[in-house]
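All chains are identified by letter, namely A, B, C, D, E and F, in their written order; residue positions are counted from 1 within each chain.
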């Protein structure tokens, strides 16, 4: 019973953390906009916690660059299981317009496993909400530890 | 102190401004660049889109008649649609849905033959592959 | 025996009330910000989810500390409902707060350290105020015992109006509401991340959250003593107080602890003296 | 009976002399240990016999008088040796006053019982004998290590243990004295012993601080002599019991009591006399532990407490309460600004003594019981803490609490013991807090006192909590435990166990021991709060609950399946997870560094002390002036 | 005894939307030393000039920074237009001004919200972002995308505004103005807000000039410098006066930005009233050659492009000096001796755009 | 050639910059552009009353440029950036990141110059 309750709660309370991995700010502000009155993702119990140790879902925007990849990995490792990763925007997916640059590693999935890809440049708040909803479906099934 | 009180009390009395997105979908503005698609029937495989694209996410193979776009790299700038001589590239207003796996849009069309009488053959090819966007799951590339 | 039953009842019901209150709080806050806000039961979802997460710790002291924090908070609520001595209740509660700080100090993380130091300053600020409020109650009632205070035949608010304001400072600090939300914050955008809570995660965080509900209930219970003669007015007083807290939370910027120490101590002490003198004169 | 008293007072002196003259380390070890055991046994036996009055023979009386003058001349000698005018003047004043008193005023025909033991005295004897002995035993390995560090050619330990052990005897004498002149004699002995011990290391600072301790305590001596003379003139007796029997004092007698209390203030290092005790920190740790927990400063509060019936309900009482409360607040504030572990302990001692004195000043039965309990619990916890700091200092070479960060990693046992010691100073269910609780309840009617106590207790929480917190830290289970000599670990563990056991025995102690001892108090106490009557809860089950809760928490901490991770450092963490260093600018790893807030701009020692001293001086003048 | 605490402020930090690292050394929460580490957003897009042709480069420049993307594109196209001596149609110039000012508005509203969040005023943050959504809607309806509008091409613009659209924009701006006005009393006069912003991060006029502060950061110190005074594009036809405040603290900078929202609304109205008929874009032929330095005013301040073409369709060098790049040295002098709690306030008060700075 | 531009040499650079400062110019930024002969042009941009002025300094390959960060503190960021991007070295830089301002050690070639390896950054 308790397990079921936890599982149900998990889908109802995904705490997100946003990490900008070298984006142009476009996706960042759209991610932030999701929190604001017009989109208000707190409806789904989503809080932006800003601390990997509290987060369930990691939203990554932007191209991963060489200096950033260690940080991304570090943050991902500090998140307790179960956890999900959403890559947002063309840059987070593949490097986007910057994929030929010398300091760009590429998409987020080159460093950490990604659960949901949200395309867009920048991804619209609606798309990000869709992405989080999709991630929740995966997230609910994950087990701790 | 407390100068913000009128604002929050007004908000408290009024209805929340929240758009109830996935449950209630707002009508999109016209001309919004949500998702790129190719009207493959009209495509002449000139490759203009591929050359103009700033992210170089479109690959056109004139001989095989394929038009492949990496939606994960596309930046929705609309240059391709503007420069398309056949006007077969369009944008849906609805944004492209998120996916859980890497995918590419690949479309198989009829390559332009110098000869005529292609109309009859085009139909079946379209049936099988022309479904606007065929998602092709692809193993996420893993690095070391 | 009756006390024991009441205490147990308090220990069981307090987190439920606290969780509901937290949910309502978030909902009303959202409305004030023109948002729809989360479901009322959101606080429970959060806690259950946290219990289902992996145990990720920097060291084991944290587990010890968060458990003692919870036990102390629950015990203090139990003692309150069991009608014990106010000062004892307060000390037990303070023990929990101290352990929360120590757990944060045990970790080699500067955010946690700074948060712990700020939490200590907060303890430093509200503790004397609470003791003084209790002393004020004692001066009126002649006892520190909750049972005796409940039995007093006039609303304390009439004799101690200023002490109620002093108490509300402590309440704001304890609820971690703006302008005093600097040792940890319910909002993410804080210069020290989550302060004391930075290094707690998963079940430990859930435990702290539950303990926080207990503390909220405890301090609201202390508020309720100010109009203990009538159930209706007691609830009105509590609702009005909490609503005022929400308004304050939403209309003020976060201040700094230096400001808090200066401002709250000076205002709190001044109000205390005035109220006490008024008591002596009246 | 007399044998027990002889054991308690004279045996330490003899043992000290043995230590001094037989310069063998094994003999010294044996002597000190044996003395400790005998003292403990004797004090327990004395307790078993209950209160008593003991008439000493005339021989003893004369001996004390002679020794008294001899001691004063020795002090005078040191005054000349140190070229300190203050000491000279004050000592000469004492000699003249005492001589005049003995020769011209005192009626030698009337004899008073020299010694007596009532509840208060017995409790004090227990503390002195047991805790003091433990500290002396701890001193054996400590001093070896200490001298090893100093690279001394010739060991100074014989002299050290002479005074250390002698101290115990003097303290026992002081608390058991009924003849106020005996009290004065032992008072002077403790002054002299502390002077010798503080100056033990012979460094410049040590000598300076020892000198300061001597002249300050001489001020107390003068005040005490004056108090004795006034009191004798008013009551016509030298017996303390007889004086107390006369009931609350008034007029000139009140001034006499005020002066005696002033002497107590000096001994207890109350503001503005705190500097001698802080200076005493230069001495080896056993000395500090002894001075702070079971001897010396406790002599001061003992005197104030002893005479509390005489000023009950007077203005002097209020004054004492105010002075005590102010010291409590001021020293707690000063402790916040400190990072030197020993100094924090010192300020905390002064602060707690202030609380005891405030309780004495509040002077209700509840307050008096609180004071007595505070003396007990404070002695246990504080001696434990000093011994811990001493042990840590010898291990890490620093007494700065910042250097003790994460001490659990290298010294798990000592760290845990220290944490327990600290917690026993500030948390329920430990005794110190329960006493504070009683004190607050007792002080609720005194506006200024309660405000100061409220502020002070919050400040106390701050400096203790952060110290305890930073001792904690991560540790791998497989790493080896620390090694310690038996005589270091023994006292630590015993005291720690004492702190724990006494916490759980508080209600028992209160109901079974203290209330009957202060039977009158029980009747008058309005909130016999540790009983079941008022609380709605008996304290016992409550303490059990806390205990069970703590055990459960410990179980969770040790058992639960935890994945260890690195601390959050903005994602820039590098290196080992224990390390806490991060990748900073220019690709360099920045090591972990954190610090407490010492709030120099508010709680700076140099900034506050002058003002506090002026305020405290003013309060004392007010107190004495009020007595007139 | 060293009572210092070393705090890694970033790269991931909830206060900073973007990764930047500040090594802060604090003593009782007073910052004694602040050393920045950059490179967490560095992509190296200047180098793309040699891999993308000069038309495609517009879309790269737009993505230097998502918030001021429009104005980056304007600056880049103006550079190329000057190199190639292209006459941009008047209507295109006015349209560029309208979208530029809309961008400035949304950037400032966004900043005002983030700034409110920096001192923990969440409700105010929500209100500013609520208002901002109206501007985002305007962008989406007129240009097809909310943030990166992609309306510029070399020689003009791609999208047009119809009369109804213009009227709708002006109506929306009416509401925006009203709602922003309702918050003026709080952000500029509230006691708690003022006690956090007044006196935080003071930079005098001389310091600002010496350190090369630009934009609202400089104007908050009384520096009357605004690249729009150069009269590039259609600005020469509009009535414009820069917003200046002399105090030089965080409050002054927020005052400047707050009033610039009004100024931008005013500029859009002027431009809409004076919008001439005509072509949207001039024809472009050939390849750019030569060197040019171009300046425009971004929401964050003056932005400078140095472009060198070599006659082929690939450029030799595009060098972008963004406003935040110029404002970082001033920031480094503002932070020491402030309180730790003021660090977010001061850092945000220059409106840092790290993706601009590092490109 | 940009309007209002003057060439300077390694010897006169710092004094020219100093003169600009004394004339009341604000330092805007520096740009570098690699020339075909392998040398690099460094442009110093200044502003006074909305008028730009430029100094052009040609830096031969492999030589160190004198730093102007002592004159204009704000130049330190620009110089560190050029150190990273174009591999130029400056002498007397007030805060030298030594090539680590933007680039992680895992980037091995100088970005704006073809086929030039970055040599041991940490040294």
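The rule is simple: a contact is a pair of C-beta atoms (placed from the backbone, for glycine too) under 8 Å apart; a residue touches a chain by one contact, two chains touch by 3 or more.
Owing to the predicted nature of the structure, the values given are computational and were not obtained by experimental measurement.
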Taking every chain's C-alpha mean, which one sits closest to the mean of all protein C-alpha atoms? C
Looking at Cα centroids only, farthest away from chain D lies chain B
Larger contact count among D-F and A-F belongs to A-F
Taking each chain's mean CA coordinate, chain A and chain D are separated, in whole Å, by 58
Just give me the whole-number Å value for how far the CA centre of chain B lies from that of chain E. 30
Taking the mean of the CA coordinates per chain, how far is chain D from chain E in Å? 65
Whole-angstrom distance, CA centroid of chain B to CA centroid of chain C, is 53
Using the touch definition from the top, which residues of chain D touch two or more other chains? 563, 565-566, 568-569, 571-572, 585-586, 592, 594, 596-597
Considering chain F alone, which of its residues make contact with at least two other chains? 100, 102-104, 111
Shared interface positions of chain C, touching two or more other chains: 30, 32-37, 54-56, 110-111, 113-114, 117, 188-190, 193, 198-199, 250-252
Can you identify all of the chain pairs that touch? A-B, A-C, A-D, A-E, A-F, B-C, B-E, C-D, C-E, D-E, D-F, E-F
Chain A-facing residues of chain C, complex: 26, 30, 33-39, 42, 44-49, 51-56, 188-190, 193-194, 197-202, 205
Quick check: in the complex, which residue numbers of chain E touch chain D? 1-6, 8-13, 19, 21, 23, 27-29, 35-37
Per the touch rule above, chain F residues touching chain D in the complex are 97-98, 100, 104-105, 121-122
So, in the complex, the side of chain F touching chain A is made of residues 102-104, 106-107, 109, 111
Quick one: which bits of chain A touch chain D in the complex? Just the residue numbers, please. 19, 51-53, 70-72, 74-75, 77-78, 80
